[in-house]
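Next up: the structures, one after another.
Two complexes come next, and they have one chain in common, chain A, joined by chain B in the first and chain C in the second.
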Partner chain A sequence: MALLEVKNLHVSYGSINALRGINFEVNEGEIVTLIGANGAGKSTTMNTIMGLLRPKMGEILYQGEDISHEDSSTIVKHGITLAPEGRLIFPRMTVLENLQMGAYTVSKEVMKENMEESFKLFPVLKERLSQIAGTLSGGEQQMLAVARALMSKSKLLMLDEPSLGLAPLLIREIFDLIKRINQIGTTILLVEQNARMALNISDRGYVLETGIIRLSGKGSDLAKDPKVVAAYLGNLD
Partner chain B sequence: MVENNQNPIDKASQQNLDEAVIKAPIKSKEKPVKRFFTSLLEFWAKHQTAISLAFLAIAILFPILFNQQYFLSIGVNVMLYATLSVSLNLITGFMGITSLSHAAFLGIGAYTAAILSTRLGANFPITFLAGAAMAGLFGLLLGLPSLRIKGRFLAIVTLGFGEIARMVELNWMSLTRGPQGISGIPKVSLFGWIMKTPAQKYYVILVILVLVVLAVAAIMNSRVGRAISAIRDDEVAAEAMGINVFGYKLMVFSISAAFAGLAGAFYAHYMSFIDPNAFSFAQSILILSVTIFGGMASIAGSIFGALTLLALPELLRFLIDYRLIIYGFVLVIMMVFQPNGLLGSFNLKHIKQQAMFRKSQERSES
Partner chain C sequence: MFFQQLVNGLTIGSTYALVTIGFNLVYGVLELTNFAHSSFYMLGAYLTVFSMTWLLGRVTPLGFFIGLGISIVITGLLGALMDKASLEPIRKRNGAPITALLTTVGVQTIINNSILLIFGTESKPFPDVFQLGKVYVGDTVIQIFQIIIFVVAILLMLGLSYLVYRTKIGNAMRAISQNATAAKLMGINVNTVITITFLIGSAVAAISGAMMGTYYQKIDTLMGASVGLKSISSAVLGGMGSLPGAMFGGFIIGIVETMFAAYVGSGFRDAIAFIIMFVVLLIKPSGLLGVKIETKV
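Entry: the complex of A and B
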């Protein structure tokens, strides 16, 4: 049984149909990537899984249980977290307070443990602990957003465009981190514009186009698929 | 090193970030004035309890030193508005929801207390509890449909509610006696002991102010307080962290309204006469001005804001006709040079955290 299974999911914003019946699954321990152009419905998919949006139709099964009509506060307790797009950290709170917010649903002891683990992954955050989060650099803010999402010790971590607006060197660092987080035992669902790098670290990938899944397959295969290359990656020659 | 990486993600909230706090860690580059200011703030952050107690002592001694009706009525006025401003700060400063209906909650509390005491002969603590409960209930009822709306739209809804409340008070003759108001409201009596001298009334509102301050401080220092700050900073991210955003908004709105109702109950007993004009839109704006002038998300700011805005017109009395001009001028100057309000730029909790953090780093370096 897959950890997360999305079945025939329809979501619309008023009269605009953002998702028109998508199906995909995420197995335990995998990194799965959704790629697609702007407006394809990637973020909509994540926000709907998280309970921030309500689906018009379809099911979202998490460990076999339908969570499509639950509140996000309940969904977080199930073990799903989202690092939202555009690094939505809490800019007027300190780094420490941001991390504490990430551990909102777990006990104090678990929070302490998780914080130590985050410092191992993100040593820079330990140095910046009492700094106001809005004054961190872009890369540090992104790391904080990921670290915060890890604080609740979730089973499934959803990352919405973690490389957005970062320098190439930092992007590499972020992707290395994602791989390490996955090796620790967290299942990851990734949404990325940076398709090549995302597909290269993924076990499987899905290509979204205007609310429909066009292609799916192994990450490395998709990265070589001529259609994907033509549409999203550009020809290297 | 700290300041060169500002990120343009959220300009609005960036503007509100306090420069003193950001620059606190780079002490050596600061100008002497700024350094003095920073160390002053750190001193305050470190000895916050002692300093608050010192101010409380001054407030307690005030009626003994200035036992005159005139001074005491200014004192009562300042503390009444400080109470209202602290309670409004909970929803507007800490949670970021601008409410223009605080006078309505003040009025609901006042009318509840007035009606219960004139018709049923009730008094403390029933009138105070009922005033707070009734205002809290109306806060809940207003919040249920309207707190899903955001920003300025919600502000307009609260403005509408304020007007509706005043119109009901004005027209429900059999209950509120309409424009004639309710007169002859008895003084506060504590188990038979009637608070009739100005100093006694002063102490009643002082106790209410202290209780409200302690309650708001306790809320903001708890896990709930962190959730409230998170909601102010980013609702979507807060929701994604597992916070029930709507539930918290509703709770905080209702608590804030209840505190205003408590102040309203005191107001009714203190004035012994109330009419709908006391709870107009202008009153809401005055309360909001005190909160903004004192500083968003700062309890001490609300108290100093009330002290400045309510006591200043009295201190300027020697200027006779020019006094309100000077008063307006002070407001303008303030908003130009210190737009975050008197104390809105400093978060003492953060300053304390930073001072402690720096010390521990210095220790590990040496």
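Entry: the complex of A and C
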């Protein structure tokens, strides 16, 4: 059984159909990437899984249970977290307080453990614990958003554009981190503009186009697929 | 004379502070100006005196505290009900902030008119069950109860600050105020936390109402309206959403108003709060202790 299974999911904003019946699954331990142009429905998919949007039709099965009508707060308790696009940190709280908010649903002991683990992954955050989060640089805010999403020890971590707006060196660092987070046992669903790097670290990928899944396959195969290369990756030759 | 005015001003200021603290608690979380807040203050006073004299028939300190307890519970629950019944549906439909604002004006009218209907238009005596007497410092007379009001204002400010900055529910409140979507993603049940904020804010307003009733020894159906407008000026002066700001704003408005009435003329005293508010908005729009909210684009 897949950890997460999305079946025939339809989501609309008023009369605009953002998702028109998508199907995909994420197995335990995998990194799965959704790629697609702006407006393809990638973020909509994640926000709907998270309970921020309500589907018009379809099912979202998490460990076999339909969560498509549950509240975000309940979904977090099930073990799914989202590091949303545009960071969405708490700007007037310190780095430490932001991380504590990430551990809102778990006990203090678990929080301490997770905090130690986060510091191993993000040593820069440990140096800035008492800094007000809104004054961090863009890259640091991004790391904080990812670290905060890891604080509840979720089974499934969804990352929406984690490399958005970062310098090339930092992008590499973020992707290395994603691989390491996956290796310590977290299943990852990734949405990325940076399709080439995302597909290279992914087990599988799906290509979304205006609310429909056009292609799917192994990450490395998709990265070589001529249609994907032409549409999303560009030709380097 | 000067110190006497200072004492009186601090007492009135404490009233404003007590009401503004609850008002700012709600504003801090929702950025919503809750016009109904002063009505909960008035309701708290009416419910306390009603429970004490008519329900229990005990005009004693014990009767006062039981009556106050009943009043706190009912007023708090009505505050929570206000959010559940009238504001939560607006949030769920992503209504405009102005809709929520007008709703609070509507709730204010409902509460005020209900009080008129149930308790009548004439002012009601509010027996002072404590009879604590007074102390003389030089030629300044200080009623013991004035000191108590002042101390209660400070204790409530400290208590609520502890709640907001040191407890789990307080962290959730601050998270919601900074980014409600991100707060949801942390697993916070945003609607429940907001309802609890209204419950606490209204309960605190009930305490203020009962204290003021005891101090003036009468209550009337206009007590909410006058204090409500002053508490909004206090909030603007101290800093919208700031709990220490609410206290200092209230003290300053109360003192300036009293001094103005004593040395310049009493006809203008109600206007002075608003003149202060205008000046603050021109010079320091975020208020004395307010935080300037910078949005990174």
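Just so we're on the same page, the second predicted complex is superposed on the first by the 237 of 237 C-alpha atoms of A that agree within 3 Å, B and C clash if a C-alpha of one lies under 4 Å from a C-alpha of the other, contacts with A are read in each partner's own complex, and residues count from 1 in each chain.
By our rule, a contact is a pair of C-beta atoms (placed from the backbone, for glycine too) under 8 Å apart; a residue touches a chain by one contact, two chains touch by 3 or more.
None of the values given here were measured: they were computed from a predicted structure.
On the shared subunit chain A, the superposed partners chain B and chain C overlap sterically.
By the touch criterion defined above, A:L96 lies against chain B but remains apart from chain C after alignment on the C-alpha atoms of chain A. Once chain A of one complex is fitted onto chain A of the other, the partner contacts of A:F119 are absent, as it touches neither chain B nor chain C. With both structures placed on the common chain, the touch criterion links A:S72 to chain B and to chain C. When the two structures are aligned on the shared chain, A:S130 is found in touch with chain B, with no touch to chain C. Contact comparison for chain A: of chain B and chain C, B touches the greater number of residues. In the superposition on chain A, the residues of chain A contacting both chain B and chain C are 50, 52, 71-73, 76-77, 81-82, 84, 88-93, 97, 100-102, 104-105, 134, 148, 152. Those residues of chain A lying in contact with chain C across their complex are 50-52, 71-73, 76-77, 81-82, 84, 88-93, 97, 100-102, 104-105, 134, 148-149, 152.
Across the complex, chain C meets chain A through its residues 168, 171-172, 174-175, 178-179, 181-190, 291, 293-294, 296. Across the complex, chain B meets chain A through its residues 2-3, 5-7, 9-10, 13-14, 16-18, 21-22, 25, 223, 226-227, 229-230, 232-234, 236-244, 350, 353-354, 356-358.
Remark: chain A residues 50, 52, 71-73, 75-77, 81-84, 86-94, 96-97, 100-102, 104-105, 129-132, 134-138, 140-141, 148, 152 touch chain B in the complex.
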